Structures are given as structure tokens and as C-alpha cells.
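The same subunit A turns up in both complexes below, where it pairs with subunit B and then with subunit C.
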Partner chain A sequence: MTFEQVKDILTTAGGLPAVPITPEASLPDAGVDSMALVVLSLQLEDRLGLEISEDDLAAAACVRELAELVDRRAEARA
Partner chain B sequence: MTRVVTRPGPAAAPGGADEYADEYVELRRHGLRYACRVVGGTAAVGDGPTADTATTEPLLLLGGALQDMYSWPRLERRIASRTRLVLIDLPGSGTADDLPAEQGFDVLAQAAVHALDHLGLRRVNLLGASYGAPIAYRIAQRHPERVARLLLAGAAHRVNDPMAALMRDTVQHLESASAHPGDSPAGPGDSSAGPGDSPADLWPGPGDYADRLADCLVNRDEQHRVRQSAAVRRLLTRQCLRITRREALRNAACHRRLLDGELLPPGGIRGVTTLVFTGEHDHTTTARQNRDVAATIADSTLLFLREADHMAHLERDTEYAELVLRFLHDLPLDGLPYCTPPEHPAPGPGTGPAPVPATRCPAA
Partner chain C sequence: MRQVLNPSAGPGAGAAAVLTGLGTWLPPHRVTNGDLCDRLDTSDEWIRERIGIVERRRADPAVSTGDMAVEAASRAMASAGVAHVDAVLLATTTPDHRCPATAPWVAHRLGLGPVAAFDVTAGCSGFLHAGAVAAGLLAAGTARRVLVVGAETMSAVIDPDDRATAPIFGDGAGAAVLEAGPRRLDGALGPVVWGSDGSLADAIVVPAGGTRERHRRPVSPGDVYVRMRGNEVFRHAVRRMTRAARDAAAAAGWELSEVDRLIAHQANHRINAAVADALGIPRGDAPSNIHEVGNTAAASLPLLLADAADRGDLKPGHKVLLVAFGSGLAWAATTLVWPSGLSPRR
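== the complex of A and B ==
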């Protein structure tokens, strides 16, 4: 999953403003709160069939790492 | 003590022009320690020069029973660029000392007013959401000169039957399981976790409590008409499953306070322009209950956010913030696509709360 795809979920489904969401932004600086993490987790399950907990998502240091985490989980499942 | 940090605003790149201040202020009243944050503007508390740059009076936000002063990040981001926002951990919540259950909403209202005095804020806008509504109501009733505008989100004269049943069960279970029944959660400042802190130590079935609470706050019957219903339900359930023993006992104290008869003192409110609102599918505080509250306020407007329930601040956060900002700036509330048409319930002589119907709560 690309950074842009993660950003798209966070803005369209998660309702976050787009501007602060940059690849290197930390999750707090990007506005990613607990509600956004729940939405992201649900969307990943719905769209990709991937179950990634909010705790695992919250451990990402920045938004780019969120995308990399999704990729790793998808590869591990394949 | 005051600590100041600077955080990026909602639409700002780090270091951009929309950064705003975030001040942490420690408070103390009658030996109880509590705290607040003043967010937004460029600097300090008080009615000083920074107030001139704001577009309305500062907003004091009094949140729900399971919330603290960090629980409203989305509203915070959207309000902070327009005016300062005061978020507070009143005694018994967040970082504050515990408050014994027998100390009620009057004490909490006095603590909130003390915070305004400490901050040098003579007049503010006031938003009381859910558990915060009885506190905000008391402040507006007793100090109308200090409240520019009042917003009550999810207000009621008393807790409805399913929620009351859940609260009674919770209190009974926790106090029977406690080594010191009826005691406050812990000594002041003791927030450390220890043996007996896990949900499994608190509940025979922690998932049952989480499900029941979620059922009381999220309207499952209307989940297909409520935005983000599944996500909000999951968020609430997760929070409940992670609750510590101290937090659970604090919640029990909140429950006791809420179960202690009428939530709102008689006499109504005069001289404060007020907006009463909640989600149209709110079954925690129903439309009728909110209407009854609005009818006790001389200058009140009542409306409901569409496609939302009691958790409207999460389900429709953008619209919730826009509605709050419109009201704070005296803009018209007619014709908003995300709201029902505004009503103006007229208070009448002898107007009092109607009996609360037994709202169905599936798992309660």
C-alpha cells in the first residue's frame, strides 16, 4: 500500500484534514487519533482482508511507516 | 504552574503559520489537585491582548464521564484557530485527584468556575457534553454574566432506564469486589497500576460490560443510519476493555453521581443564549429529553445532527465543529444540511421534565 493510499483512507474514511498528512509526519502531527486508527483498521480489513490491530498501527513512527507496515503484513499473508 | 508547548494547527504544515499554543495549567481547590489546558491563540491566559485576536470568547469544554482533557482532538484542532479552547480535567477525571461519589455536580461546577478565575477569564462560551451538561447548566444558571453562550450536547434531566440499570450493576459489582466498599478509587495522585488492575480482575466478563456500555451509547438499532457507527462502537469497546481498576472505580463514582436523582437543578436559565443539540438517533439522551431541557432555558435553540447518535462528536466531527463555530459566531443555524430545522421550545410556567420512557437498550 502506498503512502497516498493510506492518506486517502485517513482523509476520506477517517475524516482527517489532508495537509498535515505527510510521509514523515508523526501520527500525532498528522492528526491521526485513536478514532482514525480504528477507522484505518476497519478499512484495511474491509478493503484488503488484512487484520492489523490499532496497537500495531499506533506503533508506526510516521505515516510512511504505516504504509510499510501494511505492505509487510500483506506480503506475510501471501 | 504553567507549561507551554506549541503544536501545529489543523491545516498547517509543521512550522507553518497556523501553529497554536497549548498551555498546561495546574489548579488546586479545597485540597484537590486538577488541571486544564488552554489551547489556541498565540499565548497566554487571561482577558489580555491575545483575546483581541480571537473571533469570539474562549470556549470552556466540559466533556463526558469517560473523557479527559485530551479526548477532543478533532474539535480542538478546528476551534483553536478561531479562539482559545479550555479543556479541563475536573476532580475525578484524567490527571486530577479523585472526587468522592458523594460530592456532586455542584462541586464540579464550582471547580470549573475556580479554573476560570485562576485563568483570569471573566466571560466565556461554555460547552457541556453529556456528563458535562449538568455542570455547564449549573454554571450558566448561577453565573449567567460569565457565560456568553451556552451549548448543551446530549442533555437530560435524568439518566434513562437502561443506562441506570447498567450503572447500578457496575457500582454494585465494583463495590462488592472492592476491599473497602464505598471508598474512593485511590489515594490522591495514585495512578499506578498494580495487582487487580486488569479488566479480568474487575469483571467476571469484561466484554459484557463493554458491550452493554457500547449499546447504551451507540444506537445499534439505527446503526445503518449513523455515520461511523461501527468504528465508534469498536473504539468504545476497546477503551472499556483496557480500563484499569482505578478508572473503573472512578467511573463508578461518576455513575453514583449520575444516579443521584435529578441531574439539573430547578429554576431554569435566563439571560444566556443557549443551543441544545445531540444526534437525531441519540437513545442515551433522547430528542424528547433534550427538548425538555431546552424548555427550561429562556433563550434556547434546539436541533439535532442528522445521521448521528449520542456520540455525534466522533460520528460527525466536522459538522459538529462547524455547528459549534456557527453558534459561537452568532451565525444562522437555519438550512444546515446536516441538522434538523432549529426549534425554539418556549419555557412555560410549571414546565418540568416529562417522565423518561424506557428506551430500549438491546444488551442491557
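== the complex of A and C ==
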């Protein structure tokens, strides 16, 4: 999953403002709160069949790492 | 006093529950986000953008859930143009007392005489649960006309220092009159889809005051307040409300694309956006009043119905899908076609 795809989920499904969401922004700086991570987690399950808890997602240091985490989990499943 | 107890005695047998009156009451005192932020480590901007709440109402300490229920109920009866009902069902998680139930006192204050009256405890989905019970009473012919009230004094169980709950909940009451009538009539409730998951009883809980925690004396002061695991509740709310709403539409024989309005429990605007998205219902077709009243638990749906009807957002003939979710966990959903000639009293 690319950074842009994560950003798209966070802004459309999650309703977050787009501007602060940059690849290197930390989750708090990007405006990504715990509820946004729940929305992302639900979307990943619906779109990709991936179950990644919001706690696991919260461990990402920045938005780019969120996308990398999704890729790692998808590969591990494959 | 007419008490129809024999199904064969009245034409109610097999009847639908038809919505004929709607009334609400909100305490006049408004609490803004700014008022709360003086005490909590949060901001107006965060509460407004992330939860969707701008202000909520707070009942005076001298006003109880029963008091607010009486106000909403009398308005609902005026809205329906009726002076009597056969039963009063009060959905609340914040009753006047642990014992007795609050509904009999409400019935007494309404001057209804010795009618059946009891409380229904099903958290934020209590209004739909009570509506489902009322529909059963009407279908069986046990009653011909039922008053269903949702009333809450959430401020009584909120820790003012807990930023996870203090900004969210508000006080208020809403009530509906349901009467036995033909299923094809506009305003008739469709099949109710409901459920519960007690394995998550502690996801939204007031720990003290019941029998479970009585071995722990004294209780810690915070145990008298509601505690909520917000993220877990968010996840289950989206999943359960989506499924229940989809199933209720199907049970009514509706395609989701036919739904004109989604009336969802007002807990958090992001939950409802996620539910609307999952159902494929435009977010703009899901009216909201959370910005003005917050999460009023069991009072949420009747307050929203009255608000949307008054704003012209619910029009006669609209196919309305109702869904709620809350502590228990418990959830429920049903349908109705919005009737003509229904004027909520507020």
C-alpha cells in the first residue's frame, strides 16, 4: 500500500484534513488520532482482508511507516 | 380504564406499531466545549472536528430523568392528539432510582392511572429496544397505544475530569406514541433486527452501584462514573450498526439504495460517517444533531427524529432506516416510512 493510498483512506473514510498528512509526519502531527486508526483498521479489513489492530498501527513512527506496515502484513499473509 | 389483555378481544392482534406522535424536551442550560476545556486537557477544535459536538445540554441537579421524561412524553401525547395510553415504556440508563423503575412515576405524573409502566435498560439502543417491545405488545393485542420514552441524565454518571467521556454525553428526553394499525400504513415500524454481546459488558460500564462490585467496599470515587473503552466501542459500533441496518432494510424488503434517510444514534459523527459509507448511503442523507445535543444515549433517536422532521429533513414518504448501538453491548435497527401529518412537539 502506498503512502497516497493510506492518505486517501485517512482523508475520505477518516475525514481528516489532508494538508498535515505527509510521509514523514508523526501520527500526532498528521492529525491521526486513535479513532482515525480504528477507521483505517476497519478499511484495511474491508478492502484487503487484513486484520491489523489500531494498537499495531499506532506503533508507526510516521505516516510512511503506516503504509510499510500494511505492506509487511500483506506479504506475511501471502 | 381500558386494559386490553385478551388478544382476541381487540383488533390489535397482528397489528403493526404506527408512529403517531413525537415529543422532546431538552434542559435549557447549554454547556459549550469552551466551558469543558477549562477543566479538561482537550480543545474546542478537537471535540468539534473529531467527535462533532459543539455543545450539549445539562439538567439542573434538581431535575431528574423522570422529570425530563414527563415533559417529553406529555408533548408526544399532544403531538398524537391523545389523552391516554395503555402502557409506558421508559428507556434509560440513568433512572431516578435503582429501585423502583422510573416509568410508573412518569405514568403517574402524566395522570395515566394504573397503566402498565416499566423501564427498559439497553443503553443507547434502549429507545429502539423499547419500541420493539411496544411493537410486540401492540401485535399481541396486549395494548392498543404505547408511550415509548427515551430519557437520560448522563451528566449524573460522567466524570467531569475524564476527557474521554465528559465532552461526549448530554442530557435530554424524547418520546413517541405508537398505536396499533395496519402494516401498510406510513409510520408503521418494520421488522426489528437486534442483538447483544455481553462478552463486552465492560466496554461501556458504570462499575459501582450494582451487585457485581459490592464486595469492594468502599468503592473508589471514580467507579460511580461511566467508563468507556472508546476505540473498541467505535469498532464494534461501526460493525454492528452496519450489519443491523443492512439486515433491517432487507427484512423490510428494501434495497439500501431506496433508503432516503439514515437515522443513526448520535454518538460520534465519525462512527456515523463510517456506517453510512459502509451501507453506501450518502453521508448527507444521515441527518445529525450531535453538534447541538451531544450523545444523549437512549434519548438520541427521538431527539434526532424530531429535529430532522422540524428542519424538513424528514419528509412524508421518506424511507427511513433507524439504527442504534450502545452499552451491553446492545444494538437494534428498524425501518419506517415517514408519515404525513406528524408534527413533533418540542
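FYI, the second predicted complex is superposed on the first by the 78 of 78 C-alpha atoms of A that agree within 3 Å, B and C clash if a C-alpha of one lies under 4 Å from a C-alpha of the other, contacts with A are read in each partner's own complex, and residues count from 1 in each chain.
As a convention for this text, a residue touches a chain if its C-beta (ideal position, glycine included) is under 8 Å from a C-beta of that chain, and two chains touch if they have at least 3 such contacts.
If you're wondering where the values come from, they're calculated on a predicted model, not measured in any experiment.
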Contacts of A:E54 with subunit B and subunit C, given as first, second, both or neither: both
First (subunit B), second (subunit C), both or neither touched by A:D29: first
Subunit C-contacting residues of subunit A that also contact subunit B: 15, 33-35, 38-39, 42, 54
For the subunit B and subunit A complex, residues of the former touching the latter: 8, 10-14, 73-74, 77, 228, 230-232, 234-235, 238, 314, 317-318
For the subunit A and subunit C complex, residues of the former touching the latter: 13-15, 33-35, 37-39, 41-42, 46, 54
Residue ranges of subunit A in contact with subunit B within the complex: 15, 17, 19-20, 22, 25, 29, 31, 33-35, 38-39, 42, 54
Contact set on subunit C toward subunit A in their complex: 50, 230-231, 234-235, 238-239, 268, 270, 273-274, 277-278
